[in-house]
Amino acid sequence: MKTLNRRIASEFLGTAFLVAAVVGSGIMGEHLAGGNIAIALLANTIATGAALVALILTFGPISGAHFNPVVTLSDAWERGVPWPETPHYILAQILGGMFGAVTAHLMFGFPILSVSLHPRVGVSQWFSEFVATFGLVSVIWGCSRTRSNFVAFAIGAYITAAYWFTSSTSFANPAVTIARALSNTFAGIRPVDVPGFLVAQLAGGAAATVLFRWLIPGLRERAKDTVIPHEREQI
Amino acid sequence: MKTLNRRIASEFLGTAFLVAAVVGSGIMGEHLAGGNIAIALLANTIATGAALVALILTFGPISGAHFNPVVTLSDAWERGVPWPETPHYILAQILGGMFGAVTAHLMFGFPILSVSLHPRVGVSQWFSEFVATFGLVSVIWGCSRTRSNFVAFAIGAYITAAYWFTSSTSFANPAVTIARALSNTFAGIRPVDVPGFLVAQLAGGAAATVLFRWLIPGLRERAKDTVIPHEREQI
Amino acid sequence: MKTLNRRIASEFLGTAFLVAAVVGSGIMGEHLAGGNIAIALLANTIATGAALVALILTFGPISGAHFNPVVTLSDAWERGVPWPETPHYILAQILGGMFGAVTAHLMFGFPILSVSLHPRVGVSQWFSEFVATFGLVSVIWGCSRTRSNFVAFAIGAYITAAYWFTSSTSFANPAVTIARALSNTFAGIRPVDVPGFLVAQLAGGAAATVLFRWLIPGLRERAKDTVIPHEREQI
Amino acid sequence: MKTLNRRIASEFLGTAFLVAAVVGSGIMGEHLAGGNIAIALLANTIATGAALVALILTFGPISGAHFNPVVTLSDAWERGVPWPETPHYILAQILGGMFGAVTAHLMFGFPILSVSLHPRVGVSQWFSEFVATFGLVSVIWGCSRTRSNFVAFAIGAYITAAYWFTSSTSFANPAVTIARALSNTFAGIRPVDVPGFLVAQLAGGAAATVLFRWLIPGLRERAKDTVIPHEREQI
């Protein structure tokens, strides 16, 4: 418990940088791409994937580098993060995400926050978020048995791909989704469309967790430290 | 044998995600690129290469992450996967690939399946598929002696390159080829053109397997676990 | 002390190559992109991120591969590089950066040096440099406990992302900033705008150093070799 | 000596694939980019860098994965490859490169060989080739002390960067240069311009070799296996 403050700060900071990368590169990409959305999304994709690699390597050893309530809940379900710590993690992720959006806006001279008008709704989009989060949690559980440092690369690579192969550009993260609702920019999402995304993300994460419990039977015992093995009580 | 169900599920799921990445990113890339095919193919390439890295790291420890009948046949030939398991692997890959095409179509609100009208035919294309698959199997056998986790990066990098240096954009995979025949999108191939691709792929894979048997004499004994070492009967 | 000459040469050479990569790829990108700044910046980004990976892997074992006065000062503050060696490192980095700019200019047939007219000024830009350098030093300290070779990939990935998510395109390095003032090209910065960038960079680096001293308590004792463990007195 | 045939075959095949990747992706990139040279070069860059990662991981354990007469000569100079084997290596690289150009042409339905009309001449270009090869050999010698598998990533990353930061697009390889003279495509070079490139490449490689002999004193003893440790007489 005595390291909980540090781990919460790590989740806050990591999620803040992740959202700053998503929102900031969306602004920059759209601004420079001269109307070609593919080039804007390519910049957004490369920045997000690369940021994930750097941030997971950086904050993984401190807090596990979840940055994502679905990952924290899945980890708690598999007896990783203790349930009483879960609300702390999730709150840190949500507040960190908002702080990241504010940071991106200030870096580009935009208003501190702005409500997104970007509609993202419909069965295809919800199914996309289900698939995207199902895949993300699959990658996490599938890699947790291999050497931990590769998880950063696997997740960065997965999100790089998923930005393009889902119609929703793969939010796959409730904290990031909420933060993006507060940014009326390239990466935004209308607040009214957030609940549909969150439900799909939670369902996708739950399905992958159940599936991998069967696919890798001993996982629960061996995977105490989701994403990256980290020290608890020891630092 | 008692883990065969899990390994088959792993091959099914991994191939499904691979095809969903190929087809989905093709749809998204073409949709956004405003007519510039180079940018569409660049998005398609980055998504496919990154997906391979993530998927091989994820499913490798479970089933070897073949996702490809040519790889499974080559592995069986080198006394990896037991011959009686081979049809299970291949069927899982083909059905998984189709399921992935369906998934991609649903994510983008397209009809469940559609027959491709994209012609891919001719000696140059067949030779390209021969070279592409020859290279893919070479990379697999060449890396199987080095540390296993790097295989994911080697294959992701190889396919990233091969999308651009072959005129056929390097299908190099019968299961993926069949699935792409059922998608009338950027990544599709006319059903009538599938057999030519399959023959070329099988020939390329066979040639590389024979060559590497000579290039690395002890390979057959040491390479029980193609692509990524995985546990058999032990999980 | 007897290896100091070699370490200084390594910092000189590495920073020279880094600046040559930044300036040279900016020239090439702008020249070929036909007015599309997003594509020019994409080329500039990929070249810089990739150069960092190669250069840190190459020069890390010799001098720690700082290439950056902020990193050297942070390292000295954490009792890494001895304070008396710090001026040698920083001077080598600044002169190396200038030499890199000259090299880039000669490779493209430009005048040896030219004063940049590219304005980069204002609170948003300064805040961007604070965030960019805060993030860079965070990545360095966060990764210094994990396996050292991954630091090269973490930093390359971080700068790749930061080029896009900051409005200043993330200089994050006083030596590189000074060198870019001497290049009236895509990557340049007006000399009059340099001091603002330097102050923001130093503040960002100091903030991250203090934060990580709290986040990872034992860091000071364990992290003698910043960026990449290197030999002192032993070569 | 008894493995020399295999090592020569490995150098032939690896260089052939490298040139096929360079030439083939140049053809594809130019064909699809609709006149935007930056996008064509971006495709060419990504394909070449990724191919290098895959090919060095694949052929490194067999022959060291030089694929480059400058690397072989530098290695022999540092007492790696025995001098009597050097001509075999170099001939295999040159013939392999030509075979790769032929392969690329056949994959795209072009004439088997064609003399390039692409002028690449002048002091800036020669200086670029000097710098490019100096950097390449620096990366090789700098990384040879770290874990060998990272060399593949360092070299892939270096060439990715150097394509953009040199005005010559960084051939940095006599065997590849000769092969590209036989391809009147995007990646070609006029035969009359080849000697200037070769001289600059040899000079750059020699300078880096001498420099790193001083920078890393024990290198000569420890670096028997350039690029990637490989087995001699043992396979």
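Here are some notes:
To keep things simple, chains are lettered A, B, C and D as they appear, and every chain counts its residues starting from 1.
Everything that follows uses one rule, which is that a contact is a pair of C-beta atoms (placed from the backbone, for glycine too) under 8 Å apart; a residue touches a chain by one contact, two chains touch by 3 or more.
Not measured: the values here are computed from a predicted model.
Rounded to a multiple of 5, the Cα-based rotation taking chain C onto chain D is 90 degrees. Here chain A and chain C face each other with different sets of residues for the most part; under half of the interface numbers are shared between them.
One inter-chain figure worth recording: chain A and chain C are separated by 28 Å, centre to centre, where each centre is the mean of the chain's CA atoms.
The mean-CA centres of chain B and chain C are about 39 angstrom from one another, to the nearest whole unit.
Residues of chain B found to touch two or more other chains are 36, 39, 42, 46, 153, 156. By the document's touch criterion, interfaces exist between A-B, A-C, B-D, C-D. Contacts from chain D toward chain C in the complex involve residues 36-39, 41-42, 45-46, 49, 122-124, 127-128, 131, 135, 138-139, 142-143, 145-147, 150, 153-155, 157-158, 160-168, 214-218.
Residue ranges on chain A touching chain C, taken from their complex, read 6, 9-10, 13, 17, 20-25, 28-29, 32-34, 36, 39-40, 42-44, 46-48, 50-51, 53-55, 57-62, 103-104, 106-109, 149, 152-153, 156, 235.
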